[in-house]
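What follows is a group of structures, each given as structure tokens.
In the two assemblies presented below, subunit A is common to both, partnered first by subunit B and then by subunit C.
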Partner chain A sequence: MTGILLDGLVQGLQLALLSVGVVFVYGLGGVLNLAHGQVAVSGGLVAALLLQNRWPAVLACTVGILFAGFMALLLDQTLLRQAYARRGEERLLLGIILTLGLSFALDGLFTWRYPNLALTLQLGSPYVRIGGIVVRTGSLAVAGLAVAAFLVLLAFLKGTFLGKAIRCIIQNEVGAWLCGVDVHQVRTLTIVLSGLLAGVAAIAQGFFSYLGPEMGTEFTILALIVAVVGGVRSLTGTFLASLMLGMVNAALSYAVGTYATWIVLLAVAASTLLVRPEGLLAYWP
Partner chain B sequence: MNGRRLAIHAAPALAAGGALAAVPFLLGGSPYGLRIVSLMLILAIYAVAFNLLFGHTRQLFLCVGALAGLGAYASVILVRDMRLSPLLATVLATLGTALLGGFLSYVGVRRGLGVLFVGIITVAVSLIFQNLLLGLREYTNGETGISTRGLGFGLGEAPQRAYYVLLGVLVGALSIYQLLLRSRHGLAFRALEDDELNAELSGIDVTRYKVGTATLASALIGLTGALYADVNGFISPSVFALGHVDIPVLIVLLLGGMRTVLGPVVGAGVFTVVDELVRPFGQLTVLTYGILLMVLFLIFREGVVPLAAQLFLRLGRTLPAGLPPEAEREPEGGVGRSKSAPGG
Partner chain C sequence: MLEVRNLWAGYEGTAVVREVDLEVPGREATAVLGPNGAGKSTLFRAIAGLIRPQRGVVIFDGSPIHGLPPHEISRRGLVYVPAERELFPQLTVLENLELGAYSSPEGLRSRLRLVFDLFPRLAERRGQRAGTLSGGEQQMLAIARALMSQPKLILLDEPSTGLAPRLVAELYRQLEVLQREGVTILLAEQQVRAALGLCRRVYVLRDGRVVFRGAASDLWGKSELRQAYLGEPRGMESVGGVAGG
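Our next item is the complex of A and B:
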């Protein structure tokens, strides 16, 4: 059972990488990016393609992550720009429908063009023993990747002007604008950042088991559940929700099976929206 | 409302029905062709219901597939396990679906959920429904699905009859839609589309109109789902998936024209042709759906029917009177909604 919970914890870390992007983009512009999982998968698939061409693993993964960031930039400059040009409910609606369309387009493209492509990353030995617990090296790699990514992210958010600007916009867009923050530029930068993190999450999935071309929707839905439960304006909430959801997911999948787990997770998300639309765990700033 | 006015209001529905009634003769009775056009009619009925939900009351129900699936599975399981007659099972399944749709709408209105949150919750409902179907294997057979031969009205074996039954449902749905729009409901709809708060302030019971509309639309979707089970001869979770029903319905409505009577029918026709063209390429259909959805929503939000109507009006007016084209440029009743100022 410890092993399962540990796996869940690591999965939660990976989930956090994925969800932060959704939360950022929603918090900054009010656009719910339903193609976020597909952006992640695009990075993973590029890495897999490069690995097939005998590139060194580290280089292939780096290029994959950068590609996910590039996809996010593309998304921002083409589709999201249209949504940002509008206000209020119209922006929400345009954002959700356009990214829904994009998610289907990318899903179709990936499964049509690369039906058998998969990213798997293996380390020297599959298991190591730490303090009496047998741990998968893949899990360790994911945990390391996620923690490193978060440290960089935190340093960026707390330490740099741009980071402060991002937090500022999430809290109050007009206020940030009045303080001289270039909202458009920061928004674009944030979306690229969310794409890069999604790319890291996709590489992490490769360490876990494998990443296939059809997994974008699953990623999006998981990130969406986390964002809803954690609160779309709270980074700490997102982080906590990810870890909890990861562990609940692992424990429930083991106890009652995949279908029931999905039903529970989705029901929790839906009831959160009804009971506390700002997010169950949104107490923390 | 006297008989003559009734006839005038139902005219577009009857005209469309008349034109569609000739289709089987054009096809020469080929079973494959009949199957395709029957599925087209089903898509059109879904789109009529979705038009009421999304077009007129701004409720983004992304669970059309789940509602249809509920109607289908409920009717089939009631006949198979409870030994009910197909007619009774269909009625019960329709009522059940109507209740679920009305409940979802009631929750959304009461909690004051915006279009985005209603979208998320109904997507969650769709996914929960999918997982329920997969999980309750002893009733639903999981992803293998259920063969519905001998559990319905036998429409699967009589493609021509199936087509006309579905056509009857479509014409009925269109007539109800037309009557609704011409009654007080139509006025209420127009107020709701513009501003819900203002509608409420001017004495329109927003909850009643939204929940009532959702209940009616869901009943229509449930009934059509039950008929689909019979016509198709087979149901499985994947035929009611989001990408299989909801996305096509959204495309059909955008393509044909939201808030129009004939939009769903025209949209379903065009969509079916496109779908048949890309079907041989497998996963390419998903890619096409995605691109269609983006393009339509971005640059062709009005749809074919309002465009054709404008063109028709312009032709009709310019020929005899010779008016300059600018004179007819008045927007058609709230079709291209652009109340939000560009900027930001």
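Our next item is the complex of A and C:
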């Protein structure tokens, strides 16, 4: 049982890596990025391709993560530009349509070009024993990756002036402009950051089991569930919701199988919203 | 310091502000008066770059600024304090002030001290979240945040909005201190009396056009002028008589 919970915790961390990007881009830009999962998958696939060409694993993964960041940048500079030119609901709606279209296109491209490509990362020994508990080394690696990524993110948000700018834009875009913050520039930077974190999540998936070309939509939906449950504007809420859903996911996969797990996950999300319509934590702490 | 020539501005093709000429001399306070809906806020938003002027020229400190993005205008020393204040509600008073100095973070400590001297109440509440402050305190914070960037000119849009008369008087005393210290102020106001006490030069806006320009003293004594241009009913003379909105 402890093993399953631990697994769930690590899955939760991975989920958080994925969801933070959706929350960031929504909070800063008012755009729901439905191609976020595909951005992650693109990074994972690049890493898998490089591994096939016998690149060293660390280098291949790093390039994969950077590629996801690059994809996000490309998305920001092309499609999202159109959305940002509009305001409010119109922007949200156009963003949804554009990114949904992109997600279909990328899904098609990936499964057509690379139907059998998959990222799997294996470490020297599959299991280690820590204090009497058997732990998968893959899980440890994911936990390490995720915690490192979050520490960097936290230090960036709290410690730098740019991080403060991100926090202030989420709260009040007009206020940020008035303070001399170049909102467009910060927004671009943030979407790249989101892409990088999504890339890390894709690599993490490779450690768990495997990452395939068709997994983009699944990633996006998971990230959306977390964002909705956690409160679309709250980073702490995203984090809590990720850990919660990760554990629910792990326990259920063990008890009832993967297919039923999805149903229960969505039910958990829906009932959380019945109790707290704004999400667990509606605003930034 | 600021010169506006033949400015047209509005939303989605319709002009709210038309043919506005305006001049704001340095180290002085200038007022733009007018009834609700006269276009004061639209004019200010166009000057500050939040909306792009449809036509016309805005020259600040010797160079044209119309068409520049708002952060660029703010960095050049023209800072806009909107009636909505646009604070960061979940951040503390101190964090709000720090963000005010975003474009020029050096010398932050000494500027904080200056701002806290001017608004001692903000010093008391420095750790409190901006969203939990009272209306008057939020207005002070909005002005203080603008001052943190050491602006050359500050655009104050209806600073008395939602404030009790006693607080309006206090606020205007603080604005007087600012103005004496050499900050140029352009003020939009519905509270005619309060504004006339502070400003030397006055513009009256009605239906998007300038219908009066001149010395405050010219408008001061003429209640029929004030009635005609500002819609102020006869006998409405007290500072707190008209609630802003």
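Quick note on the criterion: the second predicted complex is superposed on the first by the 272 of 285 C-alpha atoms of A that agree within 3 Å, B and C clash if a C-alpha of one lies under 4 Å from a C-alpha of the other, contacts with A are read in each partner's own complex, and residues count from 1 in each chain.
Quick note on the criterion: contacts are C-beta pairs under 8 Å (C-beta built on N, C-alpha and C of every residue); 3 or more make two chains touch, one makes a residue touch a chain.
As the structure is a prediction and not an experimental result, all values here were calculated from the model.
Asker: Sharing subunit A, do subunit B and subunit C clash or fit in the superposition?
Answerer: fit
Asker: Touch test for A:L93: subunit B only (first), subunit C only (second), both, or neither?
Answerer: first
Asker: Counting only touches as set out at the top, which of subunit B and subunit C does A:L59 meet: first, second, both, neither?
Answerer: In the superposition, A:L59 contacts neither subunit B nor subunit C.
Asker: With both structures superposed on the shared chain, find the angle between the C-alpha centres of subunit B and subunit C as seen from the C-alpha centre of subunit A, to the nearest 10 degrees.
Answerer: Taking subunit A as the apex, subunit B and subunit C sit 90 degrees apart.
Asker: Is A:L102 contacted by the first partner subunit B, the second partner subunit C, both or neither?
Answerer: Touch status of A:L102: first partner only.
Asker: Using the touch criterion from the header, give the chain among subunit B and subunit C with more contacted residues in subunit A.
Answerer: B
Asker: A:L79 contacts which: subunit B (first), subunit C (second), both, neither?
Answerer: A:L79 sits against subunit B, while subunit C stays out of touch.
Asker: Based on the superposed arrangement, let me know which partner A:V134 touches: subunit B (first), subunit C (second), both, or neither?
Answerer: Neither partner.
Asker: After the superposition on A, what does A:A148 contact: first (subunit B), second (subunit C), both or neither?
Answerer: It touches nothing on subunit B or subunit C.
Asker: Can you work out, in whole Å, how close the C-alpha atoms of subunit B and subunit C get once everything is superposed?
Answerer: Result, nearest C-alpha distance in the overlay: 5 Å.
Asker: Which parts of subunit A are touched by subunit B and by subunit C alike?
Answerer: After superposing on chain A, no subunit A residue contacts both subunit B and subunit C.
Asker: Can you check the complex and tell me which residues of subunit C touch subunit A?
Answerer: My answer: residues 48-50, 69-72, 74-75, 79-82, 84, 86-91, 95, 98-100, 102-103, 105, 145-146, 149.
Asker: Which subunit A residues qualify as touching subunit C in the complex?
Answerer: By the definition above, subunit A touches subunit C via 161, 164-165, 167-168, 171-172, 174-184, 283-285.
Asker: Can you list the residues on subunit B that touch subunit A in the complex?
Answerer: Going through subunit B, the ones touching subunit A are 60, 107, 111, 113-117, 119-121, 124-125, 127-128, 131-132, 134-135, 243, 247, 250, 281-294, 297-298, 337, 339-344.
Asker: Taking the touch rule as given, give the residues of subunit A at its contact with subunit B in the complex, in rising order.
Answerer: Spelled out, the residues of subunit A in touch with subunit B are 32, 79, 82, 84-94, 96-98, 100-109, 111-112, 115, 221, 224, 228, 257, 259-260, 262-263, 266-267, 269-270, 273-274, 277.
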